[in-house]
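Written below as C-alpha cells is the structure these notes are about.
Letters A, B, C and D mark the chains in the order given here, with residues in each chain numbered from 1 onward.
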C-alpha cells in the first residue's frame, strides 16, 4: 500500500473546492491538510467561511479546519496541492485567483510543490501538461522536461481540462486509438449551472430559459481538444497539437444543476468509416491506465454506453461511476458526417475536482510524487 | 377590405388549439365559428372541455362555445378549418386524430373544405404542399393540381411544418435566395415542453434535466427541410426535393415552457462563402410575400438579428414580433463549416398555430379562399 | 383630460425600475422624462446601462435616454418621481440607494419633489404614508400634515408597501370593511425570485429547491399590515396602528419567476363569523377609489375570485388585470380560525412598480400633484 | 442476528416502488423475493416493465426479476409484503390498486400475510394501525386484536401515513411527549412532484409555477394527525383520536423533485408555553423505539435541528439521515400561536417507502414477524 498523502486545496470555498472536499474526505489515499481561499475567508473555520451548496453535508474533518490565504507557505507540508480556482468565477474568488497566479509563477515554483490546477490559465503553456486522466495520461512524461526547466526536485504543475472538453475527449480518444485520426468534430453543449460557480448564474437568467453563450468556453473546447488528442515529440519536451482535425463548438447554459450534456458529430479520416456497432464496442471496451494501474477513483468503465433511445440524461446518469464515468448514448449515423452521439459528464466530478483527484492518483502510481 | 372569414379549429382543446384560439380571438380577419375535439369533449362548452394552460385568460367568445367532434358536417359553414391536432400528442387527443385522419381522406375532401393542418401526417404527401409561410409560399401554386386531382372546387389541404423545421428554414431560405444552395446543415435543438402538448412531458422527466431525444423529430427536420427549400416542377404538379443538401439534426428537450432554441452550422456550395456580415445583412433585410401582401399577422421583420453575444434567449425573445419573428444571434464563423448561428422560434406561435393563421392570410390574399 | 405628467425613475436599471419603464411607456398619462441609477450607470444610454430582463423588449423611448445619478437636480422638471430602488437589493444598486437615502432627507425635500418610493426605509416613518392604492388611499390625507411639517409646497413622500403585504391587505381590507376587525391573521408565502432583483437569487439556491427564509420579509408583513389596515386620527396628523389584530407571517422563496402566492388564514372578531359565500361575495364586489375615480391602471376588479379548486397559479393568473388584480382562490373554512384562502399578487406590477403608478394616478385625481 | 426476511413489493414499478427497491437492495435484513405490478407489467422483467426515474441505477438483483400481478398467490413465500401503491396515482397503476384493494379484503387476509401498506385506503379503518415509525410505534399493540378479529396466525395489515403527515407528526410527538397536548396546529406545505408518482405532475403545470391544491391531501393531514398523536384504549382494541386538538392544513405543489417543506405553527395547552430553546432541545434529544431497538434504518437523530436561518432546504437537507431524518429549522416565536418552525421530510424515503421499511424492522424486533 502506498502512503496516505497530505493534500491542500486552493479555492476551497468555491463550487469546485466543495466538490474536492467531498471527494477527498471519503478517499483512503489522501488526507486533507490545508485549505486556501480568499483573504476574506482566511482565518475563519471552513464551516464559517463557506456557503456550502452540496446535497451531502460538510464532511466532519473539514468543518473546523481554519482556512488560509492561497500562499505557498501554508501548503509546504502538502504532498499534493489541488487548485479548485476557476478563472471564470466572479467576485473575490476570482481576485484570489489573480493573486495566486501572480504568486505562483515565482513563489509556487520556488516552493517546489506538486500542483494540480483546474484553472484555465496554464493549460496553453508550452511546458505545462493538459491532462484528462482517462484520455492522455501519457502527457505526464513531459514533467521531466518541466522539472529540469524550472529547477524543481519534486514539484510540478499539471492542469486538467475544461469540464466540457473533458467529457468529449474521452470517447474521442477511444475512437482515435481504434480507428485513427478524426477529421471533423462538431459539438453543441447544454451545460449545468454549477459550472459557473456560486452565486454564478442568476435564477432570472436561467429559469424557463437557455443562455446560448458561455464566455470563452467554445474556444477552450476547440483548442484544448487539439492539445489533449495530440502527441509529444520524441524527447517528451514539446506537445504536437493535432493539425488535421477541425473542431467547432457551440456552448449553451441550461437549467440543470449538475451534468453537462454534449451532442457530438464526427468524421473519421479513415474510409470506410467505422460502423455504429464498431464505435459502440470500442467505447464499451475502452480501458485506460487509470483502470490498469488500479487507481482508487477510476470507474469500472471509463465510458458507459446506453442503448436506450432517451439517454444519457443529467439527472439520471450524472452519478454513473460515482461521477467519474462518461455516459454515451444515441450512437447513430450522421447524415453529414459519419457518426453522432450524445454524452454526459458530471462537470464538477469528472469535469473538475474528480479529474484532479484521478491525476494525483495516477501521478502517485507513476512515482511522480515523492 | 376583405371579408371576415369564419374559421373552425380541430383539436381545439389541446396546446396548439389553445394557441389558435388566442391568436384568432384577437384577429380582425377571422371569427371563430366551430370548435372540434375528441368525442369525450364533444357537447361540452369550451371552458368545461379544456384544461386551459395559457398565461392569458380564455377569450370571452370561446368560453361558452359548444365543442363538436372533428367531423366535417360541423364545419360546413367554415371558410377555413385549422387543425391543431398533433400526431405525437398522447391520449385521447391522439385517438381523436386517428379518427380524423381516417375520416378526412374521404369525408373531408368530399366536404370540399379549406384545411390548414399542423399534423405531420400529410406533410410528405406528393399532392400536399408543406409550407412555412415566410419561407416557401410559392408552393401554394401546387393547389391547382391538388384541386383538379381531388375534384375540389374550393377546398384544399395545406400543411405547415414541424415547429423546429419552421424556425430553421426561414433564415436558411433567406441565405439560399441570396447566396445559392447550402451543401451541409447541422442543427442541434433545445426544445420547449409545450411542444409535447398537455400533459405531455412529466415534470419528473424534465426538472433539473435534459432529455436527449424527441421521437421522430430529427427525421422530420432532416426531411421537411428538403421539401420546403426545394422547388416545384414547371407545371406546378410536383415537388423537387433538394438533392445536394445534407441535413443532420439532433433534438433535445429542455426545461423551457415556450420557445425552441436551435444551434445551426452551415456550409454553402458557393466559394468563397459569404462573410458573417453579409449573412447578417441578408437576414436583416429578408422580406417575404407575407410582408409584401400586408398579411395582418406578418411581423415587421421575419428575422430579427441580435448582436448581443448571449441572445437569443427563449424567455426574453420568444415574444418578438408577437411570436411570429425568428430571432437569430451569435452569427459567427464555424471552424468546420462556413457559418454558425443560434436561432429561436416560438414553437406554438410561429412554429404551429401562427403558421396556420399566416398561411390562411396568405391564401386569402392570393385569392385561394372563395 | 388631465395633463400628461413628466416622470422620473430612480433605480431605473433594476428589476423594479425595468417594470416601471414598461408600465409607463404604455401609459397615456405619463411621459418618461429622467432616469436615475448608480454612478456606474450614469452617463450611459439606458440600453447600455441596463441588463434588461423583461420578456417584452425595451420600450423605444427609453433605449437612448441618458441615465443620470439619483440626485434631485436631474429630476427638477419631473412632476412625479418614482423610486424603484429596493433596500434589499445587493451590490451597487444598494449602494446607490444608500446614497439617495442620505441625500433625500435634506436634498430631496428641499427640491420639493413628489416622490413615490418602493423602498422600505420610510414606510415606518410617522410622517410618511404607507399606501396600498386599492386598500388605504384615505391615508393620502396625511400629506397636508407632512407638507406643513417639512415646509413643502408641492413635494411629498409616499411609500408603497412590501410586495407580499400589498397582495394580502387588499382582500383583508375588503373583509374588514364588510365584517369588522380581524383578530388573527396567519400567512405563509411562496415568493418569486424577481422580488430579489437582479442578479438576486442564485440558480444554485433555487432550482429544485425552496428557501424557507427571506431577510426582513416576515416582520415587514407583520408590521405593515397594522399600519395599512389602521386608521388616522381626526386631524389626519397621526396613524393609528391596529392594536387588537395579531399577524404571523412565514416567507419562503420558490422557483417561480413572477408572482407571489400566499396562503392566509383569518379569524374575525365578529361572532358568528361570515360564511365562505359571504366572504367570496364581499371580495368579488370590492370596489375602491381607484376604480371610482377612473384611474387608468385600476383593474376592473381589484380582487378576482376563482372557484376552481387549483387556482390561483402564478403562471396562469399573474397577468390578471394586467398584473394589477389580486387573484384569490380556495376560499374555505379553516379548522382552527374562521376562513382560509390562497391569493396571488404580481410582485413587480401590483406589488411594486404598479402600486407606484396607481398611487400617482390617485394623487393626480385627488389634486395633490400641481 | 435475526434471519434475513424475504420481502415482496406491490406497485414495484411506481415511484414509491422504485424507492422500496433501492432501499431494500442495500438492506442487510431483507432480500427482495417478489415484485408485483399491474397486469400490463406482469410477465416482464423488472428492467423492461419499469420506467426507472431514480438518480441511482436499478439495483442488479431487481433488474431481471419477473414482475407478477398483485395477487397473494405470488407472495406466499414472503415474510413481509410492502405495498408501494398509492391510491392517488393515475393510470393503470391506480387500476391495479383497485384490483388489489378489492382482492385483499378477502384474498389477502386469507393468505395470512404481513402487509405494510402505503396506500390511504385502510388508514382510517378502526382495526388497522396507522403508524409513523418514529412517532407512534406503540400502536403496533392493536395487532393482537386485529389478528383475533380476522383469524390470522401470522398475517396483519399496518398502514403508514401520508408523506406530509409523516414529517409533521414526528416533531409534534416529541413536543407532545415533553410538554403535553397541543391545542392548535396550522400547517402550510410545499410538496415535491415525486409525491404524485410518474408521470404525475405535468411539466406545464409546475415549471415557473405553484399549484395551490393537492387532492385529498389537506383532509389526510388533518385527520391522520389525530389518530397518530392519539392513544389506544386499555385493551388495545380501539384507537382514541385526539379530541381537543384542532388541525388546519393547506397543501401546495412546488417545482421540487424530492422533499416536502412544511411551515408549522402550534399552540400548546400548557401555560406558559415552552420557550424556543426548550422546544429545540426536546427535538434534538428526541429518541424513539426505532433508535432504542437498534433498527437498521433508524437515523442517528429522528429530528435534526438547524440553527441556520435559511434551512431546511429540500435540495440540501433531504438526504439527512439517508432520507430518514426530519430536518427542522427556523424555530421561533409565533405572534399568533406559541411557536412556529419549518420542517423538511424526504417524501419518498421517510414519507413513504422508508416508513414501510422501518415499520417492518420494528415489527421484527417486536417479534411480530414469525
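Assume contacts are C-beta pairs under 8 Å (C-beta built on N, C-alpha and C of every residue); 3 or more make two chains touch, one makes a residue touch a chain.
Note that the structure is predicted; figures quoted are calculated from it, not measured.
Common neighbours of subunit A and subunit B, by the contact definition above: C, D.
Each of C-D and B-C has its own count of C-beta contacts, and the greater count is at C-D.
Work out the mean CA point of subunit B and of subunit C, and you get 41 Å between them. Per-chain CA centroids place subunit A at a distance of 48 Å from subunit C.
Once the centre of each chain is set as its mean CA position, subunit C and subunit D turn out to be 42 Å apart. Residue positions 53, 207-208, 255, 257, 315-316 of subunit A are each in touch with at least two other chains.
Listing the residues of subunit B that touch subunit D in their complex gives 15, 53, 193-194, 198-208, 255, 257. On the subunit C side of its complex with subunit D, the touching residues are 184-186, 188, 190, 207-213, 222, 246-248, 250, 252, 254-257, 261, 263, 265, 309-316, 329-330, 334-337, 340, 342. Put simply, subunit C touches subunit B in their complex at residues 52-57, 207-208, 257, 315-316, 318-320.
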